[in-house]
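Accompanying notes for the structure given below.
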Amino acid sequence: MVQEKLNLTLLTGRTIEQGVGKESGKGTQEYFQSTTMVYMDETDMNKLELRNNDHVLLSTEEGSVVLRAVRHPRGAMPGLVYIPYGPWANAICSTKTTSIGMPSFKGTPVEVQPALNQPILTLKELLRKEFGR
Amino acid sequence: MSIVKSVTCPVCGCLCDDIELTIADGAVAQVKNGCAMCEAKFFSHNNKHRITTPLMRKDGELVPVSYDEAIQKSAEILANATYPILYGWSSTDCEAQRIGVALAEEVGGVLDNTAVVCHGPSILGVQDVGIPTCTLGQVRHRADLIIYWGCDPWSAHPRHLERYTSFTDGRFEGSEWKSYINKVKAAAGKKKLRSLERKGILKERHPHIAPSVNDNKPPEILNKKGRKLIVVDVRKSMTAEVADYFLQVEYGKDYELIQAVRALVKDQELDVEKVAGVPVEYLQQLVDAMTSCEFGVIFFGMGLTQSAGKFRNIDVAISLVRDLNMRTKFAIMPMRGHFNVTGANTVFTWQSGYPYGIDFSMGYPRYNPGETTVVDILMREESDAGLVIASDPVSNFPRRAVEHLVKNPLIVIDPHMNATSLVGDIVFPASIVGIEKAGTAYRMDHVPLPLKKVVDPPEGLLSDEEILSRILNEVRNIKLKTLEVA
Amino acid sequence: MDLLIKNGFVFDPLNGVNGDKMDIAIRNGKIVESVTERTSKIIDATGLTVFPGGVDIHTHIAGAEVNTGRLVRPEDHEKDFVRKTANTRSGVGYSIPSTFITGYRYSRMGYTTVMNPSMAPLEAKHTHEELNDIPMLDKATYPLLGDWWLVLENLSKGDFEECARYVAWMLRITKGYAIKIVNPGGLESWGFGRNVHSIDDEVPNFCITPREIMCGLAKVNKMLNLPHAIHLHTNNLGIPGNYTTTLETMKCLESIPNDGKPVAHITHLQFSSFAGEDWGTLTSGAEEITKYINNHDHITFDMGQIIFTDTTTMTADGPFEYTLYQLSGHKWVNSDVETETSGGIIPFRYKRKNPVNAIQWSIGLELALMTKNPWKVFMTTDHPNAGPFTAYPKILAWLVSKKAREATFKRLHRKGQRRSLLPSITRELSLYDLAIVTRAGQAKSLGLKEKGHLGVGADADIAIFNLNPEKVDIAQKYKTFRRAFSNVAYTIKGGKVLVKDGEVLQQSAGKTMWVDVQTSQEVEVDEEIKRKFREYWTVEFDNYPVSDHYLKNSSPITIKADV
Amino acid sequence: MIVLTPLKKYQYPIIAECITPDVFQGKTKEELSNLPVWEGNKKRKLGELFKIDVTSVKSPDITIIGDVIKVKRIGWGMTQGEIVVNGNVGMHLGKKMSGGKIVVNGNTEGWTGSQMKGGLIEIKGNAGDYLGSPYRGSTVGMRNGKIIVHGNVGSDAAIYMKSGVIKIHGNADSFMGFRMTGGVIHIEKNAGTRLGACMTGGKIVVSGILKNIMPTFALELIKGKVKIETGEKAVGPFYVFLGDLAETGKGKLFVSKEKNPQMSQYERFL
């Protein structure tokens, strides 16, 4: 059944592309490409009628961000979305540290909806939007 | 043109020290033996994203200034602050880290390290239950059961398998996978194939060698001799593709799963059929594999430290390994990320007694993650100045934590432009440690390795160590003057 | 400026000086015949006791294991913190002080030279980086070589010369000082979770026994003319009944030709002198052990004296630490190092009311007091294993005062009291004896010619205590004595006054000593060894050595070997 | 009675372990005013941060009026007397206290009653994380005494608890009673995940919902009532679980039968 939005669980983490991007420099296109995407499970994408590389809006208690949805290439992970580490992922990660200093980079509840016409912000645009700099 | 051998790679905690570089015209021309990240890093020293001069924010814009001016201003900010934070330290050498401790002590600030958002929970776990561990060579020589739990070395530590675990030949255990890799190599007929594999480009061509995820049933292979590789994760990672067995666990249930395994190791019976989505009978088979090995090892990553339970996940994983040592030899090791995050924790510990999150505000080191760690301090809006070195918290911290960091004077030391330097108030360019500056780094298993200087930094650029030393001197001068006035 | 220490009661056993009132002259960091009084800085030591600077032969103060010990014990540091001052850095103390504090606290007790006895060669850089950050002291460190594959392989082949070349090479590239052997064969066995249980158990996969390792390395030690004997932590350490293993160990080393010099130093002997069948029947083996030592000249030892406190045990003896873990259930660190060694850490609290701990306390003192020749005994706690070094003054008081021993003894567990030999021991060490067991003996055993005495040419490392030996009977007034030895009147190192009245006046870096052994033929560095190296270790050959960069003040001692 | 009123809204953390009846006892207003405290890295005097009034009222010994959420270590090691705070309090309230009473008409931050040895802490609002829990690396948890929380409690409360009582009228977050060896915890509403993980003794009573129980607990029996402390019983019926089986399995978990119908499947093991 097609749905307008889904409530899923946000994981953030490493990918090799993000690793290569960060070592090349955070201003590089590689870094931008590898950190402005979100892996989703095929069934979840179907529920939202998303095709590969469609833009989605992800919203949590902390904020929202537009990213490119990509089908998770290996195996199923229904209910989960996976964003490579970076400022885009962190725009919506939970700050709850449960008093040990570690924010909740994995496990923040997230609402996902298609946002086909919304643009993905560049690093500078994102910083300006969030911190006015 | 010259060739430099045995170069240590300043990227990840693997700290591969067999990199061979070709240097031409003062720049890295070729990188041999390294992974994709290694290549990217060594080539990054002369790309256009370097910061070339100190910058200071004036009227909202970053404008070039001299080192002297930037150092003077930074020292004033830090010396006058009431609760400054000094954060980062993982992508620099131990030599700079040592000065960092002195600086934090001098300004009465909070010294914190990227471990706090990485393996800080692992350290907390270790402080509660200890850790039976070993160096990576011990794994290479002896391990016949290798478990990657909540980590994906194929993506984050690309050469971990080929240098230290499944794909290596040791004295007592051989590489089970070499022949397989060779076969793939021959089929593809291309030299670059291995690095392409690492980048994930060839993944579609990988035959599905691991059993199907949906099935989740431990295969026969857990009974065979030789090295066995098991991956436990919430999603099928790149590493899971090459594993003998992939155990998919329900998100956020690692704690329950490990605790159940512990009970089974102790021959207890469970009143449930499934734990974290896994039937108990499968767990029993996993336990059999664990207790019947000669030398087992668990490597764990952010899948445990960042998901629900955080440091208790590590606590329980270590407890499992302790229990397993009653039956056989077992070790456990965190997959440390930055190339010298281990060094930062090591240096901080020998100088202050504590590994990260050290509050010097009362003139002596005080430690209590949750209280004295940077994200918490930022969320409580307590700091009034910040120094960030060799890391990028604006990218790596949740947005709300960054807001307070940006509200106060922010000093940034980094070779490259990144999110943090873009929003900083004073930005120091630094030479790249391990490429333009020699030093020391600690591998994820605490083995210290020398970092080489292979090319000269851009003219006039100082190293982290020099910048910090000069700020420290200037802070001491300011404090002396204040004392004299008083 | 020259320095003149006037009129103190000087105890300098290596030069036979026993409490004589005399002056000591210092120029350029060395002790000299005389200086011009008028132009010198004068320290009036009238009524004070003057000792050579203290030398500690065995104290875990730096390196991977020590630091992991620090890491796992925030609760140990929390209660003992040290603020920064104008002269000194901040840090933490208690059982494993941070580096700066280690330096200050040793210096405040009059110590000037300390030996770090345990270093995995692979992690040697770490040890040296930490030693650089320990101020106030001269230092050296011993690499762990007893279970190193190249030693095992060469000794098993019977190729002592090749073994000697490798050991010389290893001492040089790790900047080490002596051969350290821990539970020989046991650590390699521990790689697969096993252990050896006698000196004739075969080490799995290596066709060699602990006996062959110890005798082999003792021979190698001799061939290389190393200044110190092999530094030995015995098999079966910490296991009831182990005194027989210790006796066998000492006996097996009789065969090594010794020309009057000790061939082995058995460290923290207390832990290797247990009689009895199990923990319940544990008794002291000190009588048999000391009887043997009194009749033989090839062994020296240090005490490893227990202190009743909360401390942190750490040793390369991985299997022993595992045993401790099973006993205590406390947090346990194990850290095996590829091709070389293992290691373990367990926090531990020694309690007066625990019969085993009470007996251990007694054993340490029995060993020291029943060994007739003080030159064979050195005072240690195997810091921090049996207690932190800061407790040394307590031990000294027990050694010099029967009254002090009795005060502790009567608070012990009854069983400990019943099984102790202490009530029958009346010996009380003199200040002269004390100067031997805390400095002169150590310096001699270590072959440190410029340490441990106050003769002309010695390093000007001097401790002055606020104690008048003519007025204070230390056996009676042991608390006065203890206070004097806890906080010196002066510590002078290299001619500089570092501590006065227990306060650190200035920091001084101190040097790192190591032996540069010249063999007629060196280990050949070719592609073959590099390949082998890559097989054995996970680091490249070029990145293994400790380069000069890692020693802030390098002080090599060049030695010519017989091979 | 001594009344402390914050002079400003604090930004920096303030360390004020001097605020205890033991230290305040017998001191003049001037002496009180000169007591050392830390504000960030600056040494201050108590009088610089608080308005200090001395009244003739006998009890409580100290009253704090206003928000002191940045002020840490109030009541550190106190042995007697009473502190009342009308406002929210910072970390380490009543740490290592062995006697006396602290009442908070507000919320508390983390480590309240950490390593408590005796006395009473009553929190009318919510308590933060690590309530009654030990310092990092330590196994010394709550030794004795009593903590009452009218609101909710954060995570990791009562770690290594050995003795004493903790009563929570609201909900509790995860890892409550982790590695506890003794003592009693009563959660009147709902409990979080991993309740009683690794416990080897003591009892935890949940009168509300326990959504997720650790798989390493086994149902032992069903019991009608359970004693909380002398003269007080919680009324059930309760499922009584033993655990944690990964450890010794000697801890007891009492879970309301009525509120937790999802647990009825366990009854087949009886």
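Read from first to last, the chains carry the letters A, B, C and D; within each, the first residue is number 1.
Quick note on the criterion: a contact is a pair of C-beta atoms (placed from the backbone, for glycine too) under 8 Å apart; a residue touches a chain by one contact, two chains touch by 3 or more.
It should be emphasised that the depicted structure is a prediction, and the values quoted were computed from it without experimental measurement.
Chain centres here are means of the Cα atoms, and by that rule the chain farthest away from chain C is A.
Here B is the chain whose Cα centre lies closest to the centre of all protein Cα atoms. Note on interfaces B-D and B-C: more C-beta pairs are in contact across B-C.
Between the CA-based centres of chain B and chain C the separation comes to 36 Å, rounded to the whole angstrom. A straight line joining the Cα centres of chain C and chain D is 46 Å long.
Inter-chain spacing, taken between the CA centroids of chain A and chain C, is 56 Å.
For chain B, the set of residues that touch two or more other chains comprises 124, 127-128, 308, 360, 362-363, 367, 369-371. Among all residues of chain C, those that touch two or more other chains are 72-74, 78, 330-331. Across the assembly, chain A contributes 98-99 as residues in contact with two or more other chains. If touching chains are joined by edges, the resulting network of the protein chains shown has some other shape, matching none of path, cycle, star or complete graph. According to the touch criterion at the top of this document, the contacting chain pairs are A-B, A-D, B-C, B-D, C-D. On chain C, the positions that touch chain D within their shared complex are 72-76, 78, 330-331.
Every residue of chain B that touches chain A in the complex is listed here, in rising order: 11-12, 36-38, 40-41, 43-44, 47, 49-50, 60, 112, 116-117, 120-121, 124, 152, 154-156, 158, 198-200, 203-204, 213-214, 234-238, 240-241, 246, 248, 251-252, 302-303, 305-308, 310-311, 357, 369-371, 373-376, 379, 392, 394-403, 406, 416-419, 422-423. Residue ranges of chain B in contact with chain D, taken from their complex: 81-83, 107-109, 124, 127-128, 255-256, 259-260, 262-263, 266, 268-272, 275, 308-309, 312, 316, 319, 323, 360-363, 367-371, 380-382, 384. Only residues 98-99 of chain A touch chain D when the two sit together in their complex. Within the complex, the chain D residues that touch chain A are 110, 128-130, 154-156.
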